[in-house]
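Labels for the chains are A, B, C and D, by order of writing; each one numbers its residues from 1.
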Amino acid sequence: MASLRFTTAGESHGPALVSVLEGMPAGVPVLAADIDTQLARRQQGYGRGRRMQIETDRIEFLSGVRAGETLGSPVAMLIRNTDWRNWHEIMDPAPREGDAEGPRKRHVTRVRPGHADLTGLLKYDRQDARDILERASARETTARVAAGALCRVLLREVGVAIGSHLVHLGGIDARRPYDMPADLNAAADASPLRTLDAEAEVQMIARIDAAKKEGNTLGGICEVVVTGLPVGLGSHVSWDRRLDGRLGQAMLSIPAVKGVEIGLGFETARRTGAEVHDEIEAAPGRTRAGHVRRASNRAGGTEGGMTTGEDLVIRVAMKPISTLMRPLGTVDVATGQAAQAVAERSDVTAVPAMGVIAEAMAAFVLADALLEKVGGDSLAEVQRNLEAYLARLDERVER
Amino acid sequence: MASLRFTTAGESHGPALVSVLEGMPAGVPVLAADIDTQLARRQQGYGRGRRMQIETDRIEFLSGVRAGETLGSPVAMLIRNTDWRNWHEIMDPAPREGDAEGPRKRHVTRVRPGHADLTGLLKYDRQDARDILERASARETTARVAAGALCRVLLREVGVAIGSHLVHLGGIDARRPYDMPADLNAAADASPLRTLDAEAEVQMIARIDAAKKEGNTLGGICEVVVTGLPVGLGSHVSWDRRLDGRLGQAMLSIPAVKGVEIGLGFETARRTGAEVHDEIEAAPGRTRAGHVRRASNRAGGTEGGMTTGEDLVIRVAMKPISTLMRPLGTVDVATGQAAQAVAERSDVTAVPAMGVIAEAMAAFVLADALLEKVGGDSLAEVQRNLEAYLARLDERVER
Amino acid sequence: MASLRFTTAGESHGPALVSVLEGMPAGVPVLAADIDTQLARRQQGYGRGRRMQIETDRIEFLSGVRAGETLGSPVAMLIRNTDWRNWHEIMDPAPREGDAEGPRKRHVTRVRPGHADLTGLLKYDRQDARDILERASARETTARVAAGALCRVLLREVGVAIGSHLVHLGGIDARRPYDMPADLNAAADASPLRTLDAEAEVQMIARIDAAKKEGNTLGGICEVVVTGLPVGLGSHVSWDRRLDGRLGQAMLSIPAVKGVEIGLGFETARRTGAEVHDEIEAAPGRTRAGHVRRASNRAGGTEGGMTTGEDLVIRVAMKPISTLMRPLGTVDVATGQAAQAVAERSDVTAVPAMGVIAEAMAAFVLADALLEKVGGDSLAEVQRNLEAYLARLDERVER
Amino acid sequence: MASLRFTTAGESHGPALVSVLEGMPAGVPVLAADIDTQLARRQQGYGRGRRMQIETDRIEFLSGVRAGETLGSPVAMLIRNTDWRNWHEIMDPAPREGDAEGPRKRHVTRVRPGHADLTGLLKYDRQDARDILERASARETTARVAAGALCRVLLREVGVAIGSHLVHLGGIDARRPYDMPADLNAAADASPLRTLDAEAEVQMIARIDAAKKEGNTLGGICEVVVTGLPVGLGSHVSWDRRLDGRLGQAMLSIPAVKGVEIGLGFETARRTGAEVHDEIEAAPGRTRAGHVRRASNRAGGTEGGMTTGEDLVIRVAMKPISTLMRPLGTVDVATGQAAQAVAERSDVTAVPAMGVIAEAMAAFVLADALLEKVGGDSLAEVQRNLEAYLARLDERVER
């Protein structure tokens, strides 16, 4: 039985999204505001279009939380689509009069390159790409952020913090500061692009404005940084227990993500071993790995498929949004004729938001791996077992 | 119930490795030679050390295959470690006289940076890092290649071919040919580095020789290319059904892999949407996606978490081997004192072999996704259902 | 990846229940009424108390269904607890003023024997057994019935029908008719106890009335019968693929169920092989197993962990409800003193409803096994692959 | 990620069986003899035929164990089929000369009622039922017993003991003693039928002798009893976490098992609530559930899908062996004509062995549930976390 599982449901213009997180210990203190804060962070970002204004996402706990604490039972969160009133006719679960006479309004057959439209239509044997794109929409990630927010609360209670920042946008690199800010997200969220490099930010904004003018879109790269992780989450013993792989799946499952790397990542291919591996040394005080630490963290916090006790550093690359206002060539699947792809309302870039989604996915994988490691059905038990593990590390490594 | 599952077992110097693949349809024609051929491919590569000569890996089918056909039951493959005779005393499963007096020969406490040694010791609370490194060894991937070889046979029977080539080694790029060879592996395997660029190969060999002299190691990048995949493997509907994520986990679960990208990957972050998305057009004949195709394949064969019917292209970055003959600084966990890491026998680079392993992991993920899509308990049923699906695509897209 | 997954969430007196079914093919015709009909069947039964009148359960599709057809995406169904208005204060997810002064109203510490109260309190380290009993409540099964109702629709589209009837209640056996009614549920649902034996029904009602008078409760046995299943769902190859086991888990996961048997079940232990095994014979026409059939069906539709093509027959035993109006001795966990268990509102028996729940669980397991066997992402593809399989059986067995 | 997983592979007359247990903590002391002892117990039983003499099963650890301790890595156990030398030609994985001229020796087309022969042939589209029956054989359970034996060692180290005895055979009940023996298996294994009732044993032996004479077979019922389990394994929160269901799957996955019940089981259907539920009382000393206990154990050790801290009691019903020396009527699938089923060598009854297999399956489910509850990657960590949990129970329940 998996420690933690999560399921999301919901179409972009349906009545609501649902996020269910199963396997949370009891006794974790959580308020709706803890979740809503993360949802709001997902809605940030220069270059977002109209929808981000329409929807101010808020969750309602339908289950699993009482008096501000988790109960150990599945936590279901409902996130209403406030736009639903305008889409009821189009997205109605029930058949409607007139359905027989032809497709509903806003049906889509001029499938968009880069999106799930065509692959989904063929796989699921549908006629209207709306049946696909409503689910393949980035809106689904709202429900992921909600589940991740809950995982984040659990991690917070054991001293783990997750942040991210944007390190590249549409050809422009942001410099990573020499020392990361103590509160990474406070710093990153202060920027409309969630970058720590104010100079690059100016150029990026200009880049976005230019892309918007030409009806184009932009991709970029975010870096997720996790602090406070104990050594030994994940495992080397079997391929599907390795934490790197599980993080990789989580990141590459985010819509439009095309690459992921941990620590130096692709750069390790260019260096020698002596320039890549992090020497091990005794630490003056207690670390998250007993009394040892690494002289550097080029590994980005994992070795042998396990956390090392150093910061976890993951970089995630996102392609430009697939819906261009200046549409690409395609085929109309209703006629088989060449056509211009449909141009649905769209942002220029979603990279700043993607960082928040990547944080959420990391939170899920890490909370799951933590519970695997220490077990526990209540927060107190999780903390007690983790503390005993850390104390044992002290004992065995300390001299 | 998952369609396909695989489990590997075995320590590097234990008696044997075992690879069990569960969920294969019956009636798939397979010989031990089909597996051994892949194991031999894994043992290639300029810059490999002595062990590759010692061990010529061969499998014995223990189950699941009869008269050259799979039975539908779990296929267990045994791969003996021929070196076992020299390690029996050290790795004996049973306690031995003298165990109480101290650790067995070749015990390891000067843990190697970059390897699982230290993280594993702390997580599993062991005293001898051999208890970790024997499993965290690259030798485990032999069992993966065996399972993947079987998956590859299934895929071959439905027209899917998997190859790879080395595109970067230790700072040196190989050029990708304008047209990929019809038989990618035949071309790549002809090179001691599995690269298609003969000029780069010369430089890479010099780079390896130099690294060897200085007791250093090298990383690199391989590209996996899969042809013949039908449209619609994987799904956009849930995060953990997305094929990109599942491929990402498979690749990042390979020891020493630190990055993975699909299609243009990280490069998509630098481009605009118009330069990234692949326009869709009618195809003159039947494709693996009905009668449509992409004008380009910058996506690398997936959109919306599903195969597009174009070639799947994955690039995988591997860090340099962690065991350097010129060892790095570390801590001796038996004393807590600074020390030089143990120097186990090691190759300079394992990147050429990594491509073969990445092929195997891709084969597993794709065979699993294929069986999910079309079901089937016999090869004939798999083929029949797939053919009916492709025929339906014809019918619906064709005009 | 599993073919089908379902998750339920929701406390008995929380705002709502949620049922999410993930993995349904697209194109399955479904209306809310298809689900509501099953929810209403769950609410039947002589001997039910007040709550069954309060709540007339209805689902709202939140996702996965459009224009009366599934989309292939997760189907989330919301079932509001109409009683929520009376419980808002007690079950509020948010902390409330006054929480610090002591437990909320209706807190429970006199834990009920036979219920999850005590085990849950200890496992999850809670103080108020309401934190446990709200989830351990039979109300959770409403969400199971909703998910099962959807699976039932899929099965109906391939000719599989699931029914049940009550065969025992509190010491009174119902006779099984010589020939089962063509529409089992139409016949069973006509009885307030869902039994096909009108004479036994009279006695059972008297038994319930008597138990009610003495503040006692009753258990019983239901039989689930599934017709139209093709041969070969499930598998003999691995322990966790066997259909019997998966059905067994599904049934024993229903609250208060203490036993399950397939076909003759425990009776097979009393007979000889010659009296147990079903002889095989040629069938005059096409069956769900080619052109063969069994002369009898003592196996109850499974052999070797697979369906045989005969009717599946499962019997499920339920213990009496744990909440007695004449309460049992217990310990007050707040004081450690002996006490009388709390007497929450309760029915005398829930056995008639349990049959409907068992049908739902069977529907889930069978739909999952069907999709495993034939694959398919749309109803048309499921039907096409199944038909091709059945045609192949004809061909191979027919002479 | 599941805590524990196990996979078995191997045909009855193939070269060997393999059992792989994945997820065991490190540091569990284990010898091959711990496993072999359980394999020998599986081979007991009056009424077993020749094969039990041929094969004295012994495991070889191929991985995961060193110096008498687990390493945390997958434990693979090899069990050779000593009969292989006689079956090499028939079961050869490789094609042989002459294969094209017709089926191999000992091919089977007169499929046996009650066995997987026919269902498997149709599902997997095979011509020779040997391709099915070799895997559907009871011999597969040897590998289950091996995996279970390892789980049993882990459980032993935390004070949990698993035993079983036969309570019914072919129409004859054994009386359960008033007090169970302190060492249940020592007592049961002293009987050739593994029953605690010496009088019933005499009748059962006569029954077996009579059945043998008439070429018939017999079924029966075993009871598994587990002592020392802490309260709170399993969970009420989700259907697939409930321990009853997981035990039910494990038991009904055993070949030829047709029924399972926990505690009073089917008998609870006949009684009132007052006669079924176990009153709760303060315990004089420390129990496995804090300082409370049950006045009776009619529940058989589970409430709300969780262990109660009382003994777990499961009864498992097995049908008679399907291969009768006096064969049943069937169809020859090669000709479509009526025929007598093939009569493979067979025992009269396998019920005594089934108890040992049921113990093994229980051991797996319980070890998995234990690791879920307390986590832990080494035995010391498992023990430490469990002890802390029990201490917390003391603290909260004790007055």
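Heads up, the rule we're going with is that a residue touches a chain if its C-beta (ideal position, glycine included) is under 8 Å from a C-beta of that chain, and two chains touch if they have at least 3 such contacts.
Small disclaimer: the values here were computed from a predicted structure and weren't measured.
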Pair exhibiting more inter-chain C-beta contacts, A-B or A-D: A-B
Taking each chain's C-alpha mean as its centre, the one farthest from chain D: A
Intercentroid distance (Cα basis), chain C paired with chain A, Å: 36
Distance between chain centroids, defined by C-alpha means - chain A, chain B (Å): 26
CA centroid of chain A to CA centroid of chain D, Å: 43
Touching two or more other chains - residues of chain D: 7-8, 22, 72-74, 120, 123, 125, 132, 135, 232, 235, 237-238, 240, 246, 373, 377, 380-381, 392
Chain A to chain D touching residues, read off their complex: 1-3, 22, 72-74, 232, 235, 237-238, 240-241, 246, 368-369, 371-377, 380-381, 384-385, 388-389, 392
Residues of chain D that touch chain C when the two form their complex: 7-8, 111-120, 122-123, 125, 132, 135-136, 144, 168-171, 211, 216-221, 231-232, 235-240, 242, 244-255, 257-266, 268-274, 276-282, 289-292, 294-295, 299-300, 303-309, 317-322, 324, 326, 328-331, 333, 335-338, 341, 351, 361, 373, 392-393, 396-399
Footprint of chain C on chain A - complex, ascending: 5, 7-11, 14-18, 20, 22, 25-27, 31-32, 60-68, 71-76, 78, 91-96, 99, 104, 120, 123-126, 131-132, 134-135, 377-378, 380-381
